[in-house]
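Two complexes are shown next, each including chain A; its partner changes from chain B in the first to chain C in the second.
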Partner chain A sequence: MIFFLLCIIGSVFLFVYSLGVGHFDCGILEAFDIIGKSLRGEELARQTKHIIWYGRTPSGLMAIAAGAILAAGGGVMQTLLRNPLADPYSMGISSGALFGVSIAVIMGISIYDSSQSYAVILNAFVFALVPMAIILMASRRGDMTPSKIILTGIAVMFVFSAFSTTLMLTTDSETLATVYSWRVGTLDGISWASLGIVSVVGVIGISFLLTQARKYNVMTAGDNSAKSMGVDPKRTTLVGMTVISLMTATVVCFTGTIGFVGLVGPHIARLFVGSESKFLIPAAAGFGGIFLLASSCVARVSGPLGLPVGVISAMVGCPLFIIILVKMRSNVWGSGV
Partner chain B sequence: MKIDIKEMGFGYTATPVLKGINLAIGGNQLVSILGPNGVGKSTLIHCINKILSPKEGVVLLNDVDVSEITIKDLAKEIGYVPYSTTTSFPLSVVDTVLMGRHPHSKWKTTDEDLQKVYETLDLLGIEHLAMRSFNQLSAGQHQKVMLARGLVQEPKVLLLDEPTANLDIKHQMEVARIMRDLAHEKGITVIMISHDINIAATYSDNVILMYEGSIFAVGTPHEVITKENIKKVYGVESEVVDFRGKPHLVLIDEKLKNLELPKDSYVSMRAQETAAR
Partner chain C sequence: MEKTVGADAVWAYRKDVAKRISFITICIVSVFFVILLSGSIGTTYGFWDVYEVIYERIMGITHPTASPEWWRSHYIWNNSLPPIIISVIAGAGLAIGGTVMQSLMGNPLADPYTTGISSGASLGAVSAIVTGFTFSSISGEMGIVSSAFLGALIPAFLVIFLTRFVGNSPTTMILIGVAISYFFNSMVTYLMITTDTDKLQEAFLWQIGSVSGTGWGDIPLMLTIVVFSGIAVGLVSNKLNLMMLGDKSAKSMGLDIENFRTLCLLLLAFLVASIISYTGIIGFVGLITPHVVRFIIGGDNRFVAPASVAMGAFILVSANLISNLLMPIGDIPIGVVMSFVGAPIFLYLILRSKAGRDMF
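Moving on, here comes the complex of A and B:
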């Protein structure tokens, strides 16, 4: 609980600080003044309002929301699949979404209306859910063990990746750059509307996962033991994974594939609060939020035009994780891990 | 609580693992299931607590078909202690045992749940381990924690899959004694799979001997553990002697030869060896 509260307090302070971070020179007090005037509907210089009110504010809040969703989802995925290498993308969500984006951007084909700006978002969302649909269909025809689920996800990932790569090889460099920037994950161009959608989905999704925390604890004992304690492992796994898929697809369709935080975020949280799901889910969410926000601050000032947040989160996060792993107790993983 | 198994059969593939199982078990007793590897002992108890569904026949719990009981309701009646105690993301001992309260709980852990957990830990003499991480424990402590998790379910029947495997002799005896005492004093039916025939003979009230997917013999340890049965089921020669009113198996390996110590072979403690030289 203390870890979670520290993450929340840290996120608030970092968010305030982040409003002043970027190539456009703007102090924190000035940023607050701009936000205040925007909320009151007062006139502002177009560039100032655009950067602070339509840029850094929703981008910072999206970093918190997306980081929280990915890390909480990753923690539950690792628990359900009993695999420390699992993350929200383990089911092939990212490759499905990339394929959806590729056919929308490169071929101009979309689920709804390809002339609209949200065609790419809709395509990414729908195709991100295809791997989970395949897993659900396969589960009706037989037992889907955690290993089978992961292997199915990997197989689906390779199929979608192959199609996406084929499309990317046939396009021009400008279109390729658009698809590629989406692939590495970015918080640029986040709108208030998309932030609202992600926040609502995140609150509902994480709340649901918290209500299932006791079942997830029982799942760590293995399928047979879980059954003997009154938990249906197949149902619990598939319901949990469907919720995580919906949460992750919602994030991915707006931000692209932001890696690392969903995989390593839960492990860092686990080092501080242990593996009890009731504590792990909020702790991972708290850490994921603050970590992605910090990464986005660094990403904004990196290079002449900034870098995608996915690149920074991996660059900063991996060494941090290795240091924590070496320095801290490691008994939060099973003997085989 | 009584368990009736009628004409039960099961197979993971077309080849049956269990066939024509007919058993009736009841009363406050410790029952051991014996038999060679792969004979279907674990499969049998997995069919009893609905981890597996029989392909033929029925398993009745107090005359109700277990296939018609929800797994949550069944978990209130039947507890299970698995063979393997490995866990992917270990919790503290108290949280591990608390899992066993799931069939009786709704959304959150109640004070009553915690009280029962600590009472069970106290009963097994491991209350001092409550806040330790599960994977910091020894094999014997693991087994007791698993046992506590099964007991805190407050089951009428407790199924144990080789609870004494991987334990030293002291812990084997301790765990088997606890099983027997629990059966007699707490009024539950304890069914335990074992590969240690002498442990089963010493502590069990009744024994089930399995052979080639079927029940070969049932009865008291004296009735079941005979040299003829051991020869037939395990294919080994033995002598069964009576020790303190219980049968005791002594294995005979007729193929064992060269009982003399090979020349120039030795094992000694380094200090003694140095002193001797």
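Moving on, here comes the complex of A and C:
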């Protein structure tokens, strides 16, 4: 609980700090002044307002929201599938979304009105959910053990990746670069509207996962014990995975596939609070938020163009993770995860 | 096992063994069948031309330089045959890598690249392509290969080294491997987004992996290491079976798990590095083949290991054949072909498999 509060407090401070950081330098107080004026609707110099109010504020908040969703989703996914390698993309979400983006960018095909700017986003969202739908359909016939679910996800992922790779190979190098940069993931150009959608989905989704925490704990004891405690493991797993997929797809369609935080974030949280879902979910969410925000700060100062946040989070997070792992020397992944 | 077993059970066991051995035999026969077919596919030459050329080469018959026969001999010998042989070797090697890694880690998501080998190799190759910097200070084509090879070994050694400090459980190994591969991949991504679009494309192509454009010179090292590893894995397959029971059970059966795991990881590092430094990152075959084999013949490593070798070779050489068949449409790398054809079949196998057939 202390860890969670620390993360929250840290996030607030870091968010305030992040407003001033970047290629366009301005003091924290000045940034606040600009935000205050924007909220009151006063006139401002266009450039500063543009950078602070439309650029950094939503992008910083999005970092927190996206990090929280991905890390909480990853933590639950690892528990549900009993596999430390699981992450929110384990159901093939990233490959589905990439496929949606590829056909939109390269072939100009989209679900609805390809001339609109949201065509790519919509495509990414819908196709991100296709693998999950296939898994749900497959689970209706026969029993799905965690390893079967994982393998199904992999199989679907390979099919989608093959399509995307073919498209990316046939296109010219300029378009390839566009699609590639989408795949890397970025927090630039986040609008207030998309932030709103993601936060609402995030709050609802994470609260739902929290209400299920007791069931997840029971399930780690094994399917039979879970059944004797009145928990239907198959149902709980599928419902949990569907919620995670919806949350993740919402994030991914706006930011691209930001890696690392969803897989390693929950493991770092686990090192501090242990594997019990009741504590793990908030801890992972808090840590994911602050971690992605910190990465985006580093990314912003790393150069005039800035590096993608996915790159920075892996570069900074990997040594951090290994240091924590070596220092704690603990094995919190007993049986199962 | 020592207790008296009924005659029925013995008979059932023998039948099972016979089934497994016949599966392996079928795979090996299919590999040879596909190799025989592959020679002329995707070229303008006829089916028998290939064998004439091989016969000529073996018998030492030469043609005058630049005559049609000379061109035929040159093209088939140097362009058609090496990719076929390499796809057999690479398929076998990656499949055995996947089998061993999944048993060592007790994790169905493990594949030959789990310790981050592919990310290290990517970094080596991409840095050679993008910046011209190589880990081996050799330039040109061999610079990419040697740089990829050395790069591939770095993450594996890091994982082995770091697990000495943390305690050598499969989960910590996997997590350290994943963290390191993210780290190296992020550097690859950094290089790829900061370079110009043409070099991005070249680096992207390397990462997908392909056997086309390989020559005879690429074969000896790869073949030696794959054969050596295959024999080594065959010798320790009983111990791998123990590992799959979990660390505690393996320990109680008298297996020194820490050292055994380290040795296996070292072997895998050299095995996989020797393959992918020539071909690029070929996915799918290392992860999927062992699962397919387990679905069909069960999880006993004494049979899974050889069956994976045969099956892996079969999958990759068939993918090469299909890729050559598709040449008129476009140059589609074998990795993509495998996913297109193999993934639906794999999905079908998962959904059809009986409970308890998969080892995990």
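Following the convention adopted for this analysis, the second predicted complex is superposed on the first by the 332 of 337 C-alpha atoms of A that agree within 3 Å, B and C clash if a C-alpha of one lies under 4 Å from a C-alpha of the other, contacts with A are read in each partner's own complex, and residues count from 1 in each chain.
Quick note on the criterion: contacts are C-beta pairs under 8 Å (C-beta built on N, C-alpha and C of every residue); 3 or more make two chains touch, one makes a residue touch a chain.
It should be emphasised that the depicted structure is a prediction, and the values quoted were computed from it without experimental measurement.
Chemist: Looking at the combined model built on chain A, do chain B and chain C fit side by side or clash?
Modeler: After superposition on chain A, chain B vs chain C: fit, no clash.
Chemist: Is A:108 touching the first partner chain B, the second partner chain C, both, or neither of them?
Modeler: Touch partners of A:108: none, neither chain B nor chain C.
Chemist: Can A:83 be said to touch chain B (first), chain C (second), both, or neither?
Modeler: It touches chain B and chain C both.
Chemist: Touching A:180 in the superposition: chain B (first), chain C (second), both, neither?
Modeler: Only chain C is touched by A:180; chain B is not.
Chemist: Of the partners chain B and chain C, which touch A:220 in the superposed model: first, second, both, neither?
Modeler: first
Chemist: More chain A residues touched by chain B or by chain C?
Modeler: Counting contacted residues of chain A, the larger count belongs to C.
Chemist: Is A:196 contacted by the first partner chain B, the second partner chain C, both or neither?
Modeler: neither
Chemist: Now for A:154: first (chain B), second (chain C), both, or neither, which partner does it touch?
Modeler: second
Chemist: Quick test of understanding: once the structures are aligned on A, what is the angle at the Cα centre of chain A formed with chain B and chain C, as a multiple of 10 degrees?
Modeler: 70
Chemist: Shortest C-alpha to C-alpha distance from chain B to chain C once the two structures are superposed, in angstrom?
Modeler: Value for chain B versus chain C, nearest C-alpha atoms: 6 Å.
Chemist: Take the contacts of chain A with chain B and those with chain C, and give the residues found in both.
Modeler: Shared contact residues on chain A: 83-84, 331, 333, 337.
Chemist: So in the complex, which bits of chain A are touching chain B?
Modeler: Checking each residue of chain A against chain B gives 78-79, 82-84, 211, 214-215, 217-218, 220-222, 224-225, 227-232, 270, 274-276, 331-337.
Chemist: Any idea which chain A residues touch chain C in the complex?
Modeler: Checking each residue of chain A against chain C gives 83-86, 138, 141-143, 145, 147-148, 150-152, 154-156, 158-159, 161-162, 165-166, 168-170, 173-174, 176-177, 180-181, 184, 259-260, 263-264, 267, 307-308, 310-315, 317-319, 321-322, 325-326, 329, 331, 333, 337.
Chemist: Once bound in the complex, which stretches of chain B touch chain A?
Modeler: Touch list, chain B to chain A: 46, 49-51, 70-76, 78-80, 82, 84, 86-92, 95-96, 98-100, 102-103, 105, 107-109, 133, 135-136, 149, 153, 159.
Chemist: Can you check the complex and tell me which residues of chain C touch chain A?
Modeler: 107-110, 162, 165-167, 169, 171-172, 174-176, 178-180, 182-183, 185-187, 189-190, 192-193, 197-198, 200-201, 204-205, 208, 283-284, 287-288, 291, 330-333, 335-336, 339-340, 342-344, 346-347, 350-351, 353, 355, 358, 360
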